[in-house]
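Think of it as A, B, C, D, E, F, G, H and I in the order they're written, each chain with its own count starting at 1.
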Amino acid sequence: MTMPDEGLSPVVRVIAAMLFPFILIFSLYVILHGHLTPGGGFQGGAIGASAVVMLIVAYGARWVESKAGEESVSVLESLGGLMFVVTGLLGFLLAATFLSNFLVGEVLFGEIPTFGSNPGILNTGGTLPLLNIAVGLKVIGGLASVVLIMALGSRRDAA
Amino acid sequence: MNWTDPFLISLAVLLLCMFLALIRVLLGPTAPDRVVALDTINTMVVAAMLVFGAAYREIIYIDVAIVYAVLSFITTLYVAKYLEGGSL
Amino acid sequence: MINNVPFFAVMLLIAIGLYTILFKRNLIKIAMGIVIVEAGVNLFLITLGYREGGLAPIYTHLPSGVEIPGGLVLPVPQALTLTSIVIGVAILALILSFVVRIYRHYETLDSRNIRRLKE
Amino acid sequence: MWAFIGTTVFCFIVWLALSFNGHMWANDELLAGAVLSVAAGVVARTLFVRDFKMAHPKRWLFFLAYLFPFFYEMAKANLDVAYRVVTGRIRPGIVKISPGLKSDIALTMLANSITLTPGTLSVDLDEDNNLYVHWINVDEGALEEMPRPCRPVCASFSQWARRVAE
Amino acid sequence: MWSELIHVVIPVLLVIAALVAILMRDLLASAVALAVMSLLLSLEFYILQAPDVAIAEAGIGACITTAILVIAIKNTRRMEEEA
Amino acid sequence: MWNLFDPLETTGGFWSPILWIIAFLVAFLIAYIIWGLGERKHGGGEQGKPFLSGTREPAKEAVHVRAGNIYWGFTETLHGYYGAMKKIHTGIVNDYVLWILGMAALFFVVLILPEVIG
Amino acid sequence: MRKIAALVFLVFVAFLLYGAYEMRDFGRPPSDMDDYIIENSQNETGANNAVTAVVFDYRGYDTLGEATVLFTAVAGVMAMFRRRDDHA
Amino acid sequence: MDWLLTHAPALLIALPLLGAFLTPLIDRISGKARSAFVLVVLAATQLLMMALAWDVFTQGAHIYTMGAADPTATVPAQAAVPVRIVLQVDGMGAFMGLISVTVSLAAAVYSLAFMHRESGQGRFYTLLLLMVVGMLGMEFTGDLFNLFVFLEVLSIASAALIAFRFYHGDAVEGAIKYIVISSLGALMVLLAVALLYGQYNLLNMGALASVLEYTYLDKVALGLLIAAFAMKCGAVPMHMWTPDAYTVAPASITAMLVAASQASLYALFRICFSLYGFTLDLTTVGIIIIALGLLSMFIGVTMALPQKDIKRLMSYHAISQTGYMLLGVGVGLYLLAHADFDTYGIRAMEGGIFHIINHALYKGLLFLTAGAIFYKVGTRNLDEMGGLAHSMKYTTVFFIIGALAIAGIPPLNGFASKLLIYESAYRVSPILSIVAMLVSILTLASFVKVFHSAFMGPRLEGMGDGREVPRSMLVGMGLLTAGIILFGLFPDWVVSNLVHPAAQALADQAAYIAALGGGV
Amino acid sequence: MMEWVLYACLAIGLLFNFLAVVGLLRFPDVYTRLHAGTKCATFGSIFLSLAVILYGLWRFYDGNEAMAALSVHAFIALVALLLTNPTGAHAIARAAHRSGVVPLQAVVDDLEEHNQQSMPTSQEEKNVE
C-alpha cells in the first residue's frame, strides 16, 4: 500500500479544508471583537495559528511551505510588531504619552458605550481594536512560523 | 424558575465522568488509548463549558466552547500523525 | 482551610513541576516540568483574582442586576495570566528547539550525559 | 474567482452567525465582516473549493433530508452500544466494504457518518476507495459473503452520500 | 453549594493529571496527559470566570504546546532513558 | 561639575590617580638616572651568553610553558579544596536547579525561622 | 545526593504549602486597583471588556513586552534551524 | 529637546524595539544596509541615553506613566493607588542604562567583523537589539510584573544568542542550561509577584513599598526574589550556569551577557533597597548578601586559576567580580538603618556601584580580546596558544590594560572602586577586606597566567595568519579601553557625578515611593 | 412543559456521557474504546448542547432577546463538535492500526490481510518505538 509520506488520510484532509476557513474567520472574529467579547489579539492569533498548524499536520509541512514560506510568515510578524510600536508612538505624537488611547472620542472606534450592561458596539474601544489586530497578526505569524520551522527543521539538516 | 442549579449539577456529573476518563489516561496501555480518553474528556469539557455558560446566562462564554470543539482535534491529529509514522 | 483548596492545588502543581525538573533526567521531561510550574503559577494568578459569585468583567450582554464592581471578578490577574501564558509557550518553543539540536549532537536526552561543560 | 467568491460567502455567513446578538446587525459589523471575509477568502480559496459540484442547491436539500434518517440511525445504534457497554457482549472485527464512491467529499461524508453511528468506526481507506470499518458486533451473515455487503454496516448511507456529493 | 464543590473538584483533577503527566516514561503519553491537564486548566479558568484566559489556554495549551512537543519527540526519541 | 582632577575621598583618606602617576614618573625617573649612572660596558662578549653545558639549546617552542602547567603547585597544594569544588560543579542541569532551590529554601529558613522560634 | 535533593525539595515545598495555608480566603480579594479599573475602563477606553482594556491600555506596555517575547522566541527558533550552506 | 527628554524613557525602549522589528525586513534587502541600520539605531539610543542620564543626574529622576494623559500623573484622579505602568529613571537606573547601552554599542561594532562569516546575521542583530530592550526595560521599570516581562525578554534573547553557533554542540548545551535555569528563576519571580499582588492588590513597586507589612508571605516572596535574581547575576553557589553560558556564546554576546547579569544585579538591589527597604530585617538580609558576595569572590577566583579555557577562566572572574559588587552594596544594606551609614555605608555602596560600571567595561573588553584570539586562532584552549603578541599588537595592549584594571593595579579604574570597598568593608569587619585583597591578588595571578601562555613566548605554528584582527573589532575594543582609562584617571568626577547619585537613589526609599506615587 | 424537556435532555446527555466513560474503562482494546469513548460522548454532548440551545430559545421566547445568540453559538459549537469528533476518531483508529495495535477478540480483520498482501513486513518496521 503506497502511503503518502506526509499528511493524513483523505478524510482528515477534506475536513481540514472545510474547517480552515471557518477557523480563520472565527479567529478574525475573536481578534476584532476583542474589546467586546472574550478574546483579543493573543487568543485570536493563537486560534489562527492553530488553523495553519492543522494544515501542517493534515497536508504536510512541505505543502504549507510551498504555499507560504516561513520567511513570508515572519514578515507578517514583523509587520504586527511594527504596527504595535507605531500605534504606541502615535500615542505621544498625537496625544499625551506612549501607548495612550488617542482614538477615544474620535471617528474611528471612538464611541463610548453606555455604562454597565450593553449589547456591544463594534465601533468602540479607541486604539484597542488596532492593537488587537497588530497583536493578532503578530501571534498568527509567530506561532505558525514556530511550528512550521520546527516541522521543517529536522529535514533541513539531513539534506 | 432558577436554572442555575440543574446546570451546575450536570457540570458536577460531567466532572465525575472526566475523573473516570482520567483513569484511562493513567492506565491506557498504548498511546492511542490515552488519546481516546483525551478525546472523550475534550468532548465533555465542551459540553461542560456550554452548560456552565448557560448556568450563568453569559452568552459570550460560549465562544470558548467553540474554540475547544475545533482546536482539541488538532492535538489528536498530531498524535495520530506521530503514531502513523512518516515525516511531518 | 477548605476555602484554600485552590491555593493548595496551585502549590501542589508547582511542587510537581519542580519535582520533575529536579529528579527527571530527560530534557523533554524537564521542559514539561517547566510547563507544569507555569500552569501552576497561572492558576495561582487567576485564583487570586476570583471574587465569590462574581462574573467575568465583560459588559457585553451582562445579565441584569449584577452589582458593579462587587459582582465582577478582578481583571488585572487575567491580563497578567494572558501575558504569562504566551511567554510560557515562547520559552517552551525555544527549549524544544534546543533539545532537538542537542539530540543531533549528543545522541541522547539524558541530562547526566550532557555535560561537556563542567568544573 | 468563483472559488474566492464561494469561500467569501461562506465566511460571511459564519461571521453573521457569530456576531448575531439578538438584534439586526449594525452597519459597522457588516462592513467589518465583509472586509474580513474577503481577507479570509483570499487566504483559503484554493483549499475550500476544489470543484463546483457542491454549488448545486439540490445537493444541499438532499443533505438536509439526509439528516433525519441519519439521526434516527444514530439514536438506534447508540442504544445498541449502550446495551453493549452495560453487558460487555461484543464481537469486534474489521471488515472491508466497497461503497463504490469516488469523490473525496462523498467518502468523507460516508466515513464520518459511519463513525458517528456507534457500533461502526471507519479505520482506513485505500486507494481503490474501499473503506475498512471496525464493527463492534460483526454480523454472522456478513462474514460469509466475500465482497462484504454495505447494508448492515452503513444502512443506506452510501446512497445518500452518492446523492449528496457524488 | 454546587459551585464550591466544583471549585474543589477541578483542582484535584488538575493535580491528578499533572501527576499522570510526570509519571509516564513514555513521553508521548506524557504529552497527552499534559494536554489533558491543559484542558482541565482551561476549564478551571473558565469556571473561575476568566473566559479570556480560557480561550488563550485553549489555543495555546491544547493545540500549539502539544504540536511542538510531538514534533520535538518525533525528532528525538519517544522513551525516557532508564533511570 | 568640571573639577576633573579632584582626589577621590575614601573613608580613611583619598585617592588621586594624577598624583599617583606623577609620583610614579618621578620614581621611574630616579631609577632611570641611577641605572644610567651604572657601568655601561657590562654584559657584552662571551659573558653575556647563557652557559649551556654543552647540550644544544632546545627550540623555543619546546620550552614555552603551557597554561596547564602554570600554578600546578598551587592546585596540588589545595588538593582537597579543588576536589570538593569538582564534586560540586557537576555540569548536570538538575543539580543546578537543586542549588537554586536549596538557596531559596535556605533563605526561607533564615528569614522566617527566627520569628517562628523566637 | 538524592537524599539531599529530596530534603531540599521537601523544605521548599513545605514553605510553599504553609504559604497557601497563610493565604487570605479564596474568593475575597482586596481590590483597590481593580475596582477603579472595573468602574472606569468603559469611560476611559471605550471597551466593554475590562480584561482587554487592561491588556492593551492600562498595562499595554506589558503587552508590548510580551509581544516582544514571542518575537524573540521566533527569532531564536529561526536562528536555531537556519540554513548554514553559506558557512565555510 | 524638552519634549524629547520627557518622552525619553519610553523612546529609549521603543527605539531599539522598532529597530528589532525592522531589522528582519531590512535584512531581506541587503546585509550592509542592515548593519548600518543597527549601528544607527544603537548610536541613537546611546545619544538619547546620554542626554537622559545628563538630565537625570543634574535635574533629578524622571517619571513616565504609560498611556496616561500626563506622563507624571502616576495616580489617576479618582483612584487611591497607581493603576498604570510607571517607568522611573532615577540615578541608579540611568547609571545602569548607560552601562548597558555602551557595552551593547561596543559589542555591536565588534560583531560586524566577528560574525561576518556566519549565516543568519539578520537574526543575530535582531536578537542583539532585543537584548538591549530587555536590559533597558528591566532597568527603567517601576512595576513588578513588567520587571518579570523584561526579564523574560532578556533571558530568551540571551539564550538564543548563546546557542547562535549551534553547530558546536556545547553551545546548545550552555544555552539549554541557561534557559532552563533562567525560566525557572523567572517563574519564581512571577510567583513572588503573585504573592505580593494577592495580598495588596498592587503591582507598582513604590505603592507596594509603602504598604508592605513584612508578613510571612512577604518573606516567602523576598526569599524567592533574592534567590532568583542572585542566581541570574551569577552569585555563588548558584553560579554554575555562568561559565557554561559565557564560554560558548560568541564573544560580543558574552560582553553583553555581563551587562545583562548586571541588570539582574540591579533588580536585586532594587528589591532589597527600594521595594522592601526599611521593613526588612536589614541585618539578616545584609549578611545574606555579604555572604553571597564573599563566597562569589573567593570561589570564583579560585576556580578561575586552574582553568585552561580562556573564556571559562574569564567567566569565573566575572563571578568573582560580581562578588565585589555584592559585598559593597551588601555592606551598605547592612548599615542602612545604622548611624554609620552616612560616613562609610554610603562609601561602600559607592564602591560597589562604581565597580559595576568598571566591571562592565573591563570584563567586556577582556571577553572581546578573548574573542579576537578565538577569531584568529580558532581555539579557546590556552594550552594550544602562545606567542600571539608577535602578531596581534593592539589586542595585546588592550588585554594588558584590561587585565591590569581587573586586578586593581593603581592608575586604572578597578583600583579606585576596590579601594572604596576595602576601606569601608574594613570598618565592618577586617576579614571582609582581607578576603577582598586576597582575591585581588589571585586575580592578578591568573591573568598573568593567561598573558604568559597566550601572548608571551615564541611564535607558534598554526597561530593565525600573523595579522591583526579587522578594524571594527579593534574599534569595539578601543571604545571600552578608552572608558577604562578615562574612568581610571578621573575617578572622583565619576563618583561624585554618576555613582553618588546612583547610590543615593538606592538608599533613599522615601524618594522612590514618593516618585512612583505610593503612599498617597 | 419546557422544564421537563430540558430535564430530559440533560438526563439523556449525562447518561450517555456516563456510559461513554464506563465503556472507555470496560472495553478491551482501542477500537472498542473508541466506539464507546468518542461517540457515546458525542451523542451525550449533542443532547447537552440541545438542552442549552432549547434553554436559549426558551429565554428568547420569554423576552430576553440576546439569549438567541446563546442558541446560535451553542449550535455552532455543536456543528464543530460533530465535524471534528468522528474525524479525530478515524485518524486515531487509522494511526493505531498502522502503529500495530491489534484488535483484540476480533473475528475478522480485512485490513490486516490487505496490508499483508501489499506490504508483508510493514507492520514490524513501523512498530519501532
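One rule holds for everything that comes next: contacts are C-beta pairs under 8 Å (C-beta built on N, C-alpha and C of every residue); 3 or more make two chains touch, one makes a residue touch a chain.
Predicted model, so just to flag it, every value in this text is computed and none were measured.
With contact taken as defined at the outset, chain C and chain H are each touched by A, F, G.
Listed by label, the chains touching chain B and chain H alike are A, C.
Greatest Cα centroid separation from chain B: this falls to F. Annotation: A-E is the more contact-rich of the chain pairs C-F and A-E, by number of C-beta pairs in contact. Chain geometry summary: the mean Cα position of chain B and that of chain E are 12 Å apart.
Mean C-alpha position of chain H lies 56 Å from that of chain I. One inter-chain figure worth recording: chain A and chain G are separated by 21 Å, centre to centre, where each centre is the mean of the chain's CA atoms. Here the CA centre of chain B is 26 Å from the CA centre of chain G.
Residues of chain E in contact with two or more other chains: 3, 7, 31, 50-52, 54-56, 59-60, 63-64, 67-68, 71-75, 77. Residue positions of chain I with contacts to 2 or more other chains are 22, 34, 42, 66-67, 69, 73, 76, 80, 83-85, 87, 89-91, 94, 98, 114.
Shared interface positions of chain H, defined as residues touching 2 or more other chains, are 17, 20-21, 24, 66-67, 145, 149, 152, 156, 159-160, 163, 166, 176-177, 180, 184, 198, 201, 203, 216, 220, 223, 244, 303. Residues of chain A touching chain B in their complex: 3-6, 8, 12, 19, 22-23, 26, 30, 37-39, 43, 47, 50, 53-54, 56-58, 60-61, 151, 154-155.
Contact residues on chain F toward chain C in their complex (touch as defined above): 85-86, 89-94, 97-98, 101.
The part of chain C that touches chain F in the complex is made up of residues 18, 21-25, 27, 30, 111-112, 114-119. The part of chain G that touches chain E in the complex is made up of residues 26, 49, 51-52. Interface of chain B with chain E (complex): residues 5, 8-9, 11-12, 15, 18-19, 22, 25-26, 28, 31, 34-35, 37-38, 41-42, 45, 48-49, 52, 58, 60-61, 63-64, 67-68, 71-72, 74-75, 78-79, 81-82, 88.
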